[in-house]
Each structure stands twice: as C-alpha cells, then as structure tokens.
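You will see chain A twice below: alongside chain B first, and alongside chain C after that.
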Partner chain A sequence: MQPGALSKALKNGAIWGFIVLELIFFSVAGEYLSLSDKAFMDYDNMLLLLKQSAPIGIIAMGMTIVMVNGNIDLSVGATYAIAAIILLDSMTWPIFAGLGDWVIPVACLLALAVGTLLGALNGLIVWKTGVDAFIVTLGSMLGFRGIVFMFNGENPTSHLNWTLVDIAEAEFLGLATASWFLLAVTLVIWFVMTKTVHGRNAYAIGDNREAAVNAGIRVGPHMMINFAIIGFLAALSAVVFYSESGSVNPNDGQLYELWVITAVVLGGTKITGGAGSVMGTFGGVIAIQLLRKGLGHIGADTSTVNLVIGLILIAVLFLERQLNVKGKEELKV
Partner chain B sequence: MTETKQNASDLREGIMATLTKQQIGSVLAKQGILIAFAVFIIAFTIANPKFLSVDNVFSVVRSSAILGVMALGVTFVVISGNLDLSVGSMMSFSTIVVLDLHDKIGPFLAIPAMFGMTLCLGAFIGFLVGYLRLNSLIVTLGMLSAIHGLTLTYSGGQNMDIADKEGTWFSVFGQGTALGIPVPILIFAALAALLGIVLAKTAFGRKVYAVGGNGTAATFSGIKRARTVFTCYIISAACVATAGLIQASRSLGSQNTVGQGLELEVLAAVILGGASLLGGSGTIFKTVIGVLILGFIQNGLLLLGLQFYVQFIVTWVIIILAVWLDIAAKRGKLLSPIA
Partner chain C sequence: MTDAKPVLHLDDIVKTFPGVRALDGVSFSVMPGEVHALMGENGAGKSTLMKVLGGIYQPDGGAIYMGDHKVVMAGPLEAKAKGIVFIHQELSLAEELTVAENIYLGELPRKSFGRVDWATLAERTNAILKKLNVGFDAKTRVGDLSIANQQMVEIARALTVDAKAVIFDEPTASLTDAEKSVLFDVIADLKSEGVGIIYISHRMEEIFKITDRISILRDGQYQGTVATADTDEEAVTQMMIGRTLDLSRNASHHELGDVALEVRGLSCGKLYQDVSFEVRRGEVVGFYGLVGAGRTEIAETLFGLRDPSAGKILLDGEEVRIHSPADAIARGISLVPEDRKGQGLVLGMNCRDNMTLPQVDDLKAGPFVAEGAEIAIFDQYRDRLDIRTPGWKQQVGNLSGGNQQKIVIGKWLSMHPNVLIVDEPTRGIDVGSKSEIHKLLRELAAQGYAVMVISSEMPEVLHVSDRIVAMYSGRIMRTFTSEEVSEDNLIQAISGIKSNEAA
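Moving on, here comes the complex of A and B:
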C-alpha cells in the first residue's frame, strides 16, 4: 500500500462510514427511545428521507462545483426564494392567462431562467471586479432578499396549480419526483466534474489559480459558468419544492446557504478549493438529513439537531486536517 | 536656452499632473468611504432637512449601537485574518441567558454570569481557530448552529421575559440616558474609543495586524500567533456579550432568534469600513463609519418614504462598489486582470 493511501481511503469512505454509524445508532436507540413502533430503517422512511433531502441536495451539487473552484456562494437561499416567487406568481400573470395548463412549463422555465441569470450576475461581478466571491455573494444575499420583498411585501405568495401538484406528488418506480430530480442532478454534476474538461478545469483553478491561468484556462468565464450553474440549481430546487407546497414566504430559504455549505464540507470538499467530490457531497446531504430525522425519531427536538450538526462539522474539520497533515511534526496540536 | 526651460517646466507640469492624479487616486482609495459617507449625508439632508436633526441622529446611532458594538469585536477577528459568523447566535444566547438569570439571581449577578458564559464560548472558538488552527469560516459556521441549539436548549424554545418590567434598574443599559445622551450610544462610543486605542496604540494591536498580514512572518518574529488569535475571539465575545446586554435591557424580553442574521450585517459593516477579509487591514474608526453608513442609509431611505426592502438592494450595491473601488485603486485598474 502506498503511503497516504490509507488516509485517502479513510477520507473518501469517512462520510459513508458515518452514515452507516448513524443508521446503526438510530436503529438501536430507536428501539428503546422511539415513541413510534416503526423501525427507523423502514423502507418508506428511507424513501421519504431521500425526498426530503432534495431541496438542500440539489443546491449542494452546485455548491460543490463553486467550492471546488475556490469560491463560495452565500446568496443561494435568496435565489431560491426569488425563483419560488417567480414560479408561483407568474402562473397568475394576465399575459399567460390564455395558456391553460401550458402555463406550467412557461412558469418553470421563467423561474429557472431568472435563477440562472442571478447566478451569472454574481459570476460576472466576481469575474470583472476581482472582488472576493464571499463579499460579492454576501452583498447579493441582501440584495436578492430585497428583490424577494418587492413582489408581495411581507405577505406570503400562494398559488396552487393542481396539475403541477399532481406532477410533483407523482411517483415513478417507487421514487417521488423530487428524489428523481436529486438523483438526476447528482448524476449530471458527477459527470461534469469527473468526465469533462470543464470539471477538470474547476479542480485546476481551485487548486492553483495562477497555474491555471498560465496553462491557458480562461478563469473568469469559467467561474461565471459555475455561478450560473448554482443559480440554475437553486431555482430548480425551488421549482421542485414549491410545485408541491404552493406557498412561499418571503423569508423562505434563509440559512439554506449554511445548511448547503455544511453538507458540502461534511462531504469532504475543501473550503479553499481544489478538492472535493460530488459523491461525497451526496453523502453529506444524506448524513445531515439522517441526523435530523434520526434525532427526531428518538424524540430529540430541533435544538439538539442544531447543536449536534454544529459540533460534528467542527469535528469533521479537525479530523480532516489531522488526516491531511504531511509531516509528523504538524500532528502535534 | 528658453527652449530647455520651456521643456523643463513642461516636464515639471507633467510630473505634477501625474502626481496629483496619483494623489487623487490614493486619497480616494484611502478616504473613499468617508467621502461617500459625506455625500450621503448631504444628499439625504437636502432631500429631507429632518435627517440631520439631533433627534434623528440619536435615534439612528442608538439603533445601530447593538450592531456597532458587535462590529467592533469582529473588526479584531477580521484584521487577524479570520472570520466570525457565530456572533449573531452568540448574541441571542447572551440575551436569553441574561434575561433568564435576571429573575433567578438578580441583575447584579446575572450580568457577570452572562459575560462569563459568553466568554467561554468565545474561548472555545478561539481555541479551535487559534491553537488547533482550524478554518475559521467553518468553525464559526458550526458554532452558529451549535450555539443556536444551545440557546434553544437553555430556553426550552420559549420566549424569555422579565417578570417585573417596571421595577428593575436593568433597563438602564438599553433605555436610559446620561448627560442627555442615550446610554447605548455612550457604551458604543466608549467601547469604540477603548478598542480603537488597543488596536492602534498597543503592542497587542500591532500583533493583530502582523498576524493577519503575514502569519508566518509574524510567527518567525516571535509573535505568538495562536495566543493573539485567541485573544481576538475573546474580545469579540466580550463585545457580543455587551451587545446582548443592550438588547436585553432595551426590550426586557426576547425571542430565541433575536440575533439571527446579524453576523452577516456585522460583516457587511466591517467590510464597508474597508477591512480586508484576507486580514491585516482595517481600523476601528473605519468600522464605526461602516456601521453608521448602514444605519444612516436605512434611516435616510425610510425618511424618503421608500419601502424597507430598498435598503437591502442599496446595501448590496454599496458593499460591492466600496470593495471594488478599494481594490481597483490598489491595482490601478478598474477591471480585474483575470482572463
């Protein structure tokens, strides 16, 4: 075995090991503590878990690209809310009145286009001004939230289109529509990151931007495309979720950026860029959702979930760094 | 003869012209935020003369004081090259704790107890970031969630209220006035002066800049990097505890989520003040200006009769413009050289 291979295997497998641990723990603890007589590892329960992971999971795939790229996007929660409002509001616009049920694809496309444009706007600012992505998206997080409030003030926007609800609640081969979207997005982004030039460039730029520039990669447009992708995915996440719920509050999506970043970091993506995998992120998303559901299953309340997730995030960071250090000198804390 | 003289004077004029251009550039880069602040004040005052009245100025500064006190501490953390995203939920924590203890052990003991608990949280973060050298963004992100959980556990998810709201002297920190000036403003000003001196005039302040500017170089010149970063987080926690005290005293009752989202507003104020997220630059004075700009914009736009959400969009534009112009002045080019 090559030196470092063990720590690499540990790192790549860690998130899945963690998921298995969670499953065992909650199954055993559930036997004693749970009020329901259903087992935690119930088939239906696991399917529901996959469906509930979709809103965060879809955005997390985009965040993986952006973070591998060495950037970060704090505005996804606000983009998510804007796309949701566009989706529900545009179905009632008078210009679309004659379309009947054909308004559904139009509204969805409109929401996705707006999300993509907002993401691209972030990317354009990062590219042209050279301001750090953290600051740019911190600003647009506020700005986009302001745009959300422009639609309906502090009132919720509601519109139920029953055809759309039927599509969202449909099941195909046992999986809900939202789960299919999550799996499809994971697959597509995995393909982009591992099999295409764009994916390789993303790793190269995140690892060493200067070297990437010298190698002839056009860094600016590349980053802009990635921001457009995460904007698109934030909008897609909103389309998937709000098709079913039909009502959006102007504060929806707040703190989503934190959940998404937590999932991505748990999945092993480096905050400084250059390393990370889509499958790891998928694991991170599942692990978080398992934790929320599992703690609920054994009767803990939301406060414990917040506490545990925060501490796990720090523990993962600590372990990851311990596995990453090269010399023994640095192992001493 | 005259020709050479002519040439020389041409040359001199040329040099003068470039000099003044450079000077203007550097003045703009250094004082841009002050100039922008002045322009805002003048514009808003022309639009609405009430804007600069004593009452209005007091009300703006008083409502910015909580954000401002937190921003003072975060300035230390940012200059040392780190981030603190946990200040919002930490503020909720200290507010809830002090309100709860007020009725249980009385305000005299409640305040030091709350400070102690908040400082423990700050020390924990400082240990993780300073001594264990973990990434501060992720650590404080984790602590944001963890402290929120801690607060909810402490309060059981209930709102906290002081039983006897009329009879307690505790309200003095948030609602009282001294010498005709509201106490929150006095606290903000005193802390700003104190921390400004610490940062600008003491050896510790210079260490903070050194660690943030170049951590390796600072370590090699004998500065204890870990201890400096640790102390910055302690200062930040102390500021957060003070902000929580003002908040609790002002409302005498609170939700668990009172500080939610404040961390990013605080960071926006610090960045507006010109502190670089890479560390090593920024001052307390400029952070105060950043806080005031945010406060006055919010107030000015409302006085103009605009909806509250306009301030979000204006803040967005201002943050990006401020940082952009700062960077552009440093590199001498408006647009980024990235291909």
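Moving on, here comes the complex of A and C:
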C-alpha cells in the first residue's frame, strides 16, 4: 500500500464507519437502557430516521456545494422560516381564493422562488462587494429573521391544507415524501458536483481562487449560482416539512445553519473549500440524526444530545487534522 | 521573418499605480515563430506588463495589436480566447483536482446539460502528457505530484488551445535538466508551428540558448530590443541594471572563529536526508539549489519549526534539541524568512514595533511596554544598518523592499544571535539595495556572526559566501569553497550530476 493510502481510506470511509459504530452502540446500549421494547435498528425506526433527516439533509446538500466553493451560508435557517411563512400564508391570500387546490403548486413555487431570490441576493452581495461570505450571510441571517418577526410578531403562522398534508404523508415504495425529496436532492447535487462543468469549477474556485481567475473562470457568477441553489434548497426543505405540520413559529429554523454545517463538516468537506463530497455529507446528515435519535432511545435528554454532538464534532475535526498531517516532518504552526 | 506581421505588438503601454509609474512607454513586438526573451530586474515591470497582456490590468495608455487588429483585453478569458496563453511561474493549480481538470481549467469540454465530457478530457490530456514524456496520467491528483511535475502540468496548458502567443514566466525555476530539455522541445515545436513565444527568465544560459531576440525593461521603462546572436551576457546585464554588475567573488576573507553550528546526518522524512555541514563564526555559508531541494526546510528545522526524523544539531559543540522558535531564539538562532511580507513583518505596524516584536515581553516598565527602550533599540539598529525611514512611526508597509529587509535583519540582530539564517535575502529587492544587503551580510560575518544564506540566485551565493553547499532533491551534493567553485560545477551539482559529465 502506498504511504498515505491508509489515512486516505480512513478519511473517505470514516463517516460510514462512524455510522456503523453508532448503530452497534445504540443497538447494544438500547437493550439495557431503553424503556421501549422495540429494537433500535427496527425497520420502521430507520425509515422514520430517514424522513426526519430530510429538513437538515436537503439544506446540507446546498451547503456542501457552497462550502466546496469556498464560501459559507449562515442565513439558511432564516430563509427556511421565511419560505415556510410564504408557503402557509400565501394559501390564504384572497387573490388565490378562486384556485381551489391549485393554490398548492402556486404557494410552493412562490416559496421556492423567494428562497432562491434570497440566496441569489446573498451571492450577489458576496460577488459584487467582495465581502467575506461569513459576514454577508451573518448579516442576512439577522436581517431575514427580522423579516420573519415583522410578519406576524411572536405569533405562529398556521394554515392546514388537508390535500397538502395528504401529499406530505403519502408513501411511495415504502418511503415517505420527505425521504424521496432528500434522496432526489442528494442525487441531483451529486450529479451537479461530479459531472457538470459548473460543479468542477466550484471545486477549482474553492481550491485555488487565483488559479481559477487566471484560467478565466468567472468566479462571481459561479458563487451566485451556488448561493441561489442553497436558497432554493432551504425553501424546498421548508416546503417539505411545513406541508405536513401546517404551523410555523417565528423561531423555527434557528440553529439550522449550525446543524447543517456540522453535518457537512462531519461528512469531510474542507472548511476552506476545494474538497468535499455529497455522499460524505449524506453520511454526515444520517450520522447526526442517528445520534439524536439514538441518544433519545437510551433516555438522554436534548441538552445531553447537543453536548455529545458538539464533542464529537471537535473530536472528528481533530482526527481529520491528524490524518491530514503528512507525517512528522510537517511544519509546526 | 522580417516581412511577416507580428503576432503580438505592444505599442507605448503605460500603466500607473498611485505614486508609481509601473510601465512607462513599453513597446515591442513578437513575430510568429520567434522566441522573444523579456528581461529585467525584479520590479522592472515584467509581471505588470504580463498582467496587462493577460487582461488582469487595463493599461492607462498605449495599445495592444494582434496581427493588424487593435485588441482590448477585458479579462483573462478574453486573452485566452484570442490565443494568448500564460504559463505562470507561481504554480496556478488547484491541488485537489486531477491533472486533466487543471490543464483544462476554465475550459473543460462539455456535453449536454453542462456535463463534463470526461472521455474527451482524458483522451486529450493523455495525448498532451505523452508529448511531454511525463510519468503521470490525466487522473492523478495534482497535490500528489512533485513541484517539478506540477510545473510540467502548468506547461501542458500551453498545448491545450490553438495558441498564437505563449508566455512562459520563469518556467524552469524548479525543473531538472531532463525536464528542461523536454520544455525546450515543446518550445521548439510551438515555434515551428508559427507561435510567438515570450520567454521570461533570469537564467542567461537559457536565454542565449533558445531565444531569438531580447527585450529589456528597467524600472518600468523599455530599454530596447536586441538580437540574441548579436549580443552577450555583459551587454544585456548592463542594459538591465544600467551599469556593469559587480560579479566579483567575495575576496575579503577574515579570521574564522570556532564552529558555531554543526549539523550531523540530519534528516526530515522525505524533505531532506542525511544532511551534514558546519558553520563557523565569521563565516558565510551559502545554500544553493532548485526550489524544493530542501534548503528552506533545513532552516525551518534549525529554527524549531520542524522536527527532524534523524540526526543531530550541535551548537558550540553541544548537542541540542530545538523544539520551537522560542527555543531557537533563546539559543541564539535567528531566521530571516523567505517571505518577508508574509512571515517576517507585520506590515500594518510601525518600524519600531516590528523591530522589537520578539523581545517586547522583556521591555517592560512595570506592567507597561517601555517605549523609551524600544525607541533606543530602533535607533541603534537604524544607524547600524543604515535603514532609511522618515522615523520610527512610519508603517513598515510603506518602506522599500530593501529597507523592509533591513528591519527584519535588525529585528533579529537585536536579539543578539550567534547564528543568523537568511532565506532569500534579496528577493524582490532592487539592484542598489541588493548589493547593500550583500555588504551587510559580509560585515555581520566579519563581526563574528555565523551566517547561513539560502539563495536561488547564483551571483548572490557566489558573491557573499565563503563556502557553498549545493543541494539536490533533499541531499547535499557537494560543498565548495569559494576557490574551487565555478558556475559550471555548481549547476551540475544542483542538477544532480555527480561527476564532471556535461549536461
């Protein structure tokens, strides 16, 4: 085996190994600690897990392409909440009153369009001002959340459309609608990142921006497209989730950006850009959801879950750093 | 060739930056099938001119013609579309991507729906790589290649498009002789296809071997164009620096003291192996080799930035282990780093604060920084090193390269070192300041410091060193005294040729 091959294999497969470890741990620990008599790795439980991964997972796919591109988007949680409000509220608008159930596609499209526009706006600002994406989206995170509160104060926005609920709760080939959306988005973004010129250019820009500029790649438009993609996906995530729940609190989606980034980083995407994969992110999303569910299964409360996930994230990043060091001769910083 | 239209003609190009006239009326033309050398000292305006050609800067005056047409380069993409290809000196590669993706960066072949046509890409890339006779294929990750091979990837870009003009910026800086001859074959091929080539290099022997004409810049001004066959090195040098260069060897030998630093069998993984040398007080030892030969890495090890995997370091005959820069400084080792602006200075801070940075912890009056002591230190070294600045309040970023370098040297001298390691001391410094820095290094040795100079410029090592250590791919090939060294045997040593066989 070539030197470095082992650490490379470890790095690429790490997230899946971690998932297997989690499954074993929770299955065994569940036997002793769980109050329910159902096994953790129950088939239905796993299907539910996939469905529950969807809201974070769909956004995480967009975050992968944005982070590979060398940017970050902190505003996704707020975009998610805005899109949810648009979706639910627009169904009650008088102008759409005559549409009957045709209001559903109109409301969905409206929500998706708003999400895409907000994302594109982030991208445009990053492109035209040259301000770091972290700062720009930190600003828009606060701004978008402000808009959410302006809309209905502290009150939730609710509207249940039973046709929409039926669609959301439908199952096809045993998988819930939300799961299908997650799988489809994963597939599409995987295709974009590995097969298209846009995707490969996104890697090049994240890896060596100057080289990309020198090669005549138009950096700005690529970044804007990626921000538009993540905006769209944040809205899609909201559409998928709120179709079923029918009520959005103004605080919904808070900290989503952090969960999403955690999943992406766990999945092996470099924070500085240039490297990362959609499949890794998918693994990261599943791993986090497993952890939340598994800890719940053995009786831990939410605060413990957060503590554990935080510790694991740091441990993983430390491990990755150790694996990346090319041996002892590395420059000390 | 005389009646042919030039592929590229620059007419009276002017480019100004705030306070500087970077290019002042530069005109020259490149004929089809010609290799045209562009020469000039660092800072003469070569890279600015290339950026104007590449559309990265817009000229403030003058025009660019291709054939009969006046062209405006709005950006790198447009320059490329017009058939102007740049081979950059600083590797402009994305390390995580494959060789193929890097070679076709920005113009990946497409299929429907914006998909990358991987089959075509691999096929074209492998055809180019075959021509270049390199030992890797299209799917190799660029980050896994050696620096020389990465340079070959960069060069491969010249062969991707139907180029009208190719600009090589210092392409041989990290190449060995075998790869160089492949490069020269590539250039000869391009030439026979009627491509105009601009070749930027500091290496006279290459210039005289492969170019047809030479254009020279000095301080942003066009000095003229000469046919290579009608001129010689001395005349070209004179045009470059405006006077004849003092190429004399270092003559003044002073008393050498005890061995200050000795290194025995030092290795650091793959970076360098089994390195042994010693530096005496009062001696300047030059380290010469190609980029990636391991010189800087040795300096970093001595300064505690890397852990050696084997071997010993002895200071004044006593074996030491240096764990960190703080450790190194405490033991009297100072490193003037290669990247002055990135590693040596805090550009936004003033001269005094930069100078006293390593010892500001010790300069205290109660809980406060002792400003008076700091100014005293600054004044002392300003006088001693002849640093020209309006005052200590001046921001270091506003000083010239030479004065910046003196601040860095002064900073380390104020720590009273025994061993002073200087990495590329005159990179990016104008000719006048260069010889001042050289003189300074000689003087420091005469005052009893042990000085290690790492340099990629042959005249510099020849000029300042008492002894020269020649390195090739992580090993010391040979150590020369200033009497036995010649340009020929030095070049052979750093190219990995052991005996006296000619290259």
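Remarks
The definition used in the following text is that the second predicted complex is superposed on the first by the 327 of 333 C-alpha atoms of A that agree within 3 Å, B and C clash if a C-alpha of one lies under 4 Å from a C-alpha of the other, contacts with A are read in each partner's own complex, and residues count from 1 in each chain.
In the analysis below, a contact is a pair of C-beta atoms (placed from the backbone, for glycine too) under 8 Å apart; a residue touches a chain by one contact, two chains touch by 3 or more.
Source: prediction; values computed, not measured.
For chain A, the partner with contacts to more residues, out of chain B and chain C, is B. In the superposition on chain A, A:G146 makes contact with chain B only, while chain C stays out of contact range. In the superposition on chain A, A:E210 makes contact with chain C only, not with chain B.
When the two structures are aligned on the shared chain, A:I86 is found in touch with neither chain B nor chain C.
Contact with chain C, but none with chain B, is seen for A:T196 once the two complexes are overlaid on the shared chain.
With both structures placed on the common chain, the touch criterion links A:R218 to chain B and to chain C. Using the contact criterion defined above for the overlaid structures, shared-chain residue A:T304 touches chain B, although it does not reach chain C. In the superposition on chain A, contact is made by A:A275 with chain C only, not with chain B.
In the superposition on chain A, contact of A:L266 is made with neither chain B nor chain C.
Contact with chain B, but none with chain C, is seen for A:R321 once the two complexes are overlaid on the shared chain. Common to the chain B and chain C contact sets on chain A are residues 213, 218. Those residues of chain A lying in contact with chain B across their complex are 74, 125, 127-132, 134-136, 138-150, 153, 213, 218-220, 254-255, 258, 261-262, 265, 271-272, 301-314, 317-318, 321, 333. Partner chain A is touched in their complex by these residues of chain C: 54, 75-81, 86, 88, 92-97, 101-102, 105-108, 110, 113-116, 268-271, 297, 300, 304-307, 309, 324.
Residue ranges of chain A in contact with chain C, taken from their complex: 195-198, 200-201, 203-204, 207-208, 210-218, 274-275, 326-332. Within the complex, the chain B residues that touch chain A are 128, 131-135, 137-139, 141-153, 157, 260-261, 264, 267-268, 271, 277, 307-313, 315-317, 319-320, 323-324, 327-328, 331, 335-339.
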